[in-house]
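Consider the two complexes below, in which subunit A is the common component and subunit B and subunit C are the respective partners.
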Partner chain A sequence: MFAELTRETGQNTYSMISMLSLAFEGMGSFCSRQKPYSEADAEENEQAAEIERRIAQETKAEQHIHKLLLLGAGESGKSTIFKQIKLLFQTGFDEAELRSYTSVIHANVYQTIKILYDGAKELGQNESDSSKYVVSIENKEIGEKLSAIGSRLDYPYLTKDIAHEIKTLWKDAAIQETYARGNILQVPDCAQYFMENLERLSEADYVPTKEDVLYARVRTTGVVEIQFSPVGESRKSGEVYRLYDVGGQRNERRKWIHLFEGVTAVIFCAAISEYDQMLFEDETKNRMMETKELFDWVLKQACFEKTSFMLFLNKFDIFEKKVQKVPLNVCEWFKDYQPKASGKHEVEHAYEFVKKKFEELYFQSTKPDCVDRVFKIYRTTALDQKLVKKTFKLVDETLRRRNLIEAGLL
Partner chain B sequence: MPQYQQPPSWRLEGGGQILDLETAVKDGILGGGAGGCGLGSATCEKVDLKKMIEELEPVEDVPSVFICPISLEPMVDPVTLCTGQTYERFNILKWLSMGHLTCPTTMQELWDDAVTPNRTLHQLIHAWFSQRYLRFKKRSEDVQGRAAELLETLKKVKGQARVQALKELQKMAVDHSSVQKTVADYGGVALLTSLLGPFTSHAVGSEAIGILVNLSLDSEAKVNLMQPAKISLVVDMLNEGTIDTKINCTRLIEMLMGEKDFRSEIVSSLSLLAGLMRLAKDRRHPNGTWTGLSLLKTICSHERVRGLIVSVGAVSQLVELLPNLSPECLELALHILDDLSTIPEGRVALKDCPRTIPNAVRLLMRVSESCTQYALSILWAVCKLAPDECASLAVEAGLAAKLLLVIQSGCSPELKQRSAELLKLCSLNYTATLFISKCKLTRTIQ
Partner chain C sequence: MKSMKDILWVQVVSRFLLLVTASVLVLVFFSMSVSQPLLSQISLRKRESTEFVTMGQALGIPGCGLLVQTASVAGVDLHQPLDKLLQDKRFRQSFMDFADSCLAGESVHFFEEVHELGKIPLDDPVRRIYMARHIIENYIVTGAEMEINISHRTRQEILGTLDLAHPDLFNHAVNEMMQLMKMNLLKDYWSSMNFVKFKEENPRQPDSSEPAGWDLSPRLSCVRCTDNPFNHEQLHKCPSGRKCDV
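The block that comes next holds the complex of A and B.
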């Protein structure tokens, strides 16, 4: 027992007491009074020592953990990036986790079709060329039924029959016209993908694929975190990162402030495809303007003076297609945009324009003494796993270099 | 580096067999082939020797007996005077033709003005340089071969192997100019350019740029490099890299700007301009300062970008920097500020910075005429903008005395004219006597 006791490091008082107790033990009756006291005390001290040691260890370990924060407006792709990181650097999703997304995906399907059907009705009433938004008579019944389902709190399982009905309605000309006007409604970006895969989604033993999970849309509320370590080529253990994902809607942002201390890098997600869409929580506000103001606010936070900023200009795949049909000028922030060419060159030109705007915003919002913080812009499509992996590799390299520079080693 | 083993004897182009130096010196014999080296081959050997000396320039440890005492250069056609001293034929003939009849080194009077070709020495010089030349050529070939190998490797490997190959190639390109040609011949420029893209890691990008910047790039290559994604990468590396990387990136952009179809949008990047300012302000690396300022000056010549330069706060930063700059950098910085003073935002920024006037006044007539010209132009712009507040500040800083100096100096007439106008502008708010006292005339006279 004595040997065990002496193995405890730095516990001088404790070893002294143990030595004393042993000394007293040898003194016969004199120490029989001491024994119970010193044992109880010794146990307490042992526990206290153990706790203190654990705290010291964890604090030391914490210092090597880099805190990454995913920020951005609602539906900017933060959670998708979060899922991608999970897939890339952790064990990914096991079958149980994949199955847990089935209800979410089905819910997305019901929500989408309801939004489209209700939207068609609305456009049919308000628009001048209302006839093209009128759903055909056969499909109207389906539409009403689905709309009713969609407004319930829990949705039924997506059976083959219902899926078939949804598919029919989706193919209706009026619904397609409504979908083309999707920007003024709150149609989620996953709409087309799920609609095209309805057969598969409605299988009896349907288990969502990784891609399905990435497309699934749930409004994040609260904060979620994962810890991971991107393993490099050399297979040495690299940096340890802890990634936090938050809700982007306005009412969620008050929870952000609790996370702002000690952040290594902020990954700010901005969906560049939403320059013609309105907020979910406020249909009078343009989403791009909201993102602009939010980014500005985040940049000016005092606690981020030394924090690196990685701006992910996300949803490039949707941007690519949209920019050829909808000019950038519809967004007030981009009103001075002048199209140059057409086709692929136009896309590049538009993207460079948006990038410059964000760069301008960064420099306007940054005080002169903060200009030394790292600021990099990345073009991303969060759904593309290869792209996210490549992008994250660059982010990791930048942060590691930054670390070395700060330590004076570079 | 592979060791070049010198064989005991070898054949030369002229056909003469040369013994190694030790043997030649020891025995004084130059081998069988020497007889065949008549006048004809002496001439052709001379040409070869000249070429070798040129290609090997600068050679360091040439034996002193090979050097002509008149020109201090290795002798190509050594001739000996009657005094026994040897000189380069051309030089000694020139000396003699100028009417001197003495030996230049011994100062003895010449009793015989004949010059005798010193064949022995010639052979020795030839042998010595040949040896060096062959070694040089072999090393060059090795290096070129290795460079070609590396380029092939680069087409195949990725990751760390790629970085290593690039590192080796860069070192070679810097040390050996022949490698630059090899890289160009094997399509290295296109290959390296293709490595640069939005997903290029810093390690790969910085090495590739380090190689490209040492090559001469043709028009096509430059246009290729001007793609926005590649420029973004260069700008990122300029902001994040080591000082060498920063300088390489800056130099590369400057090379691209020389291209005739260059559009100013390419450098209209706030990140680039902020990065250049950061480079210029870095006191630890003066060569970085010069490179950064040089590019900024080139960018400033594009009027459209001037507004952006002002918006990153360059004006006050440059003004603050002025007292600590070397003369070359000072000229660049003042040139930039002068260019910026041509736009309204630039003028306002100059006026708002409290150190503009004192620093500019201090620089008048201090460094060079062009610096004075720029400083004067800046002061003019500022005083014109806000005569009431600036003129008095300038006078308080001792402007009047300096302007009088300029007018009295040997500067160009336009400069003097400008000074006179500025003097007049500043004196408007003062009475004559008060102004004269401000001019501190006694000090100028002193």
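The block that comes next holds the complex of A and C.
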């Protein structure tokens, strides 16, 4: 009887399971959204074929476009390089575009003087020898007024009067002392240049020069791109570059990932003069340390296994002046630096030290199977048009040679 | 004879027991949250969407969320400063779409949400705090998906505040974002396809002039983003005339 029982149970379970599964299947097909069934039209087929053909054509054309990315931490010079490329290889800046920078330049002036005046007040409260940061009585009123203007949403046009006041405040000893401590504040690099040219900037019919535009400081947000063809033989072969400029602050970096596919070369900008400065978005972090970590992160990205890396050690002009006053050791990464000489030799020695550090970092962060990717270091000053042109020519040559090697022609 | 009767009895009982067990299991399955997708598939009741698109809608702030088609007044004066221009819903939507397309949308979204926060009356601190916390979690906290580009001090000010309902909490941040938008995004917007579309959809008086733009917008015209955090459709054509994938 036991045998009968088990057989019976077995049969029942089996039939129950098969019934249930049938039921679920039925339910599933009953409930699944019915996709509209479109008849295959001869015309539609033809249209689809035409679209396929066009896509194939454009994909082929796309392959000749080399994608270049400008990466780097905030204020490393990416957008300046971007502007330089526009000037060199595109139509350059026409008067309308130059004029559009007037408001930006004026904004830079107001922001700079506000940062300096507010900074002087702060240093005057916190520092031990606070007296040297106290602005003179006559200039205090100007300072308060300019600080208030600087916090407005809309800045007034920079008139001769305001420019004169700004110049007066700039010349104040306390402000100059504050400027000397500019590394702990977020003073833009263009500060001195604009302050020295205030008379010209405040002309009624002021049109910014190319140099003014290159100095103008705007944080980039999002992504900007241009397409250009470098002059020379490559024009015949239809070599086209598409250059992408991005924001460098931490929040902007999460957007970079959208650009990482199919990149021919990464131009990584590192401002070597920033070894004693803190980040705009995190004043507890040293900029050089941030650049070091960022470069490491970029090198380790899987999609860049075959990508060429061009490292631009930028802001050499500022580095030159700074390294003689501020030792490299203030930056943790360079703490083993030993100054050898002084003057010009010192600058070269310091530069070679920094370059070596970056090279070491590169080889540490590069996996063995990526060792044959191109890696070149260039000393740049993004503001110097001739230097950027020369540098980019070298970059272009390297990439073309690489291209030929990959195509098996070299 | 007796054994035959027994077998029949066993059959009935075992089948009955199996049926009961199966029904119980089915009921248990459908009561678990794991089955929700299945349940939603087989539910014959028409589901009303009770989801809110924005926090503003959830808090019941009037006039936010989807674009409301207002009676067309005389066209927007495009020479106004940006903060005035952004008060106009149509302009704001157009500018937001442009910003989203070049991966800079968080600034405009932030501006809009702070604007909505401003609509909550001061004597309603609970809703203000909810909205403020929502904004902070989405835009201010380091690593937030739509984290905005503001200075260290401004961020610390907001994160360290003791009064989330304070009306001026986000003033500095808004100021910085306005400067960023004015100096960086706005110029590129004037020469973008979004602006062209905006002009077509909002024809203005013939005597009002437009801000000077130039032909080439350097902004990103086509990026293949499989993961667009701003969830907006991109309606742009690349210079080659190809439609962009999203």
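Here is the rule we use: the second predicted complex is superposed on the first by the 350 of 410 C-alpha atoms of A that agree within 3 Å, B and C clash if a C-alpha of one lies under 4 Å from a C-alpha of the other, contacts with A are read in each partner's own complex, and residues count from 1 in each chain.
Criterion: a residue touches a chain if its C-beta (ideal position, glycine included) is under 8 Å from a C-beta of that chain, and two chains touch if they have at least 3 such contacts.
Fair warning: this is a prediction, and the values are worked out from it, not measured in the lab.
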Subunit B versus subunit C as contact partner of A:Glu138, first or second or both or neither: neither
Which superposed partner A:Val374 touches (first subunit B, second subunit C, both, neither): first
Contacts of A:Gly247 with subunit B and subunit C, given as first, second, both or neither: second
Contacts of A:Glu261 with subunit B and subunit C, given as first, second, both or neither: second
Touching partner for A:Asp296 - first (subunit B), second (subunit C), both, neither: neither
Partner chain in contact with A:Asp94 - subunit B first, subunit C second, else both or neither: second
Partner chain(s) touched by A:Glu43 [first = subunit B, second = subunit C, both, neither]: neither
Subunit B versus subunit C as contact partner of A:Thr221, first or second or both or neither: second
Dominant toucher of subunit A (residue count), subunit B or subunit C: C
Contact residues common to both interfaces of subunit A (with subunit B and with subunit C): none
Subunit C residues within the subunit A interface of the complex: 3, 6-7, 10-11, 14-15, 18-19, 22, 41-42, 81, 83, 99, 102-107, 142, 144-145, 147-153, 155, 175, 178-180, 182-185, 187-188, 212, 214, 218-221, 223-225, 227, 239-240, 242
List of subunit B residues in touch with subunit A within their complex: 159-160, 198-199, 201-203, 228, 232, 236, 240, 242, 268-271, 274, 278, 311-313
Touching residues on subunit A, where the partner in the complex is subunit C: 1, 4-5, 8-9, 12-13, 16, 20, 27-28, 31-32, 58, 61, 86, 94, 96-97, 99-100, 103-104, 107, 151, 153-154, 186, 218-227, 244, 247, 249-252, 254-255, 258-259, 261, 278-284
Complex contacts: residues of subunit A adjacent to subunit B: 233-234, 348, 352, 356, 359-360, 362-363, 368, 371-372, 374-379, 390-391, 393-394, 397-398, 401-402, 410
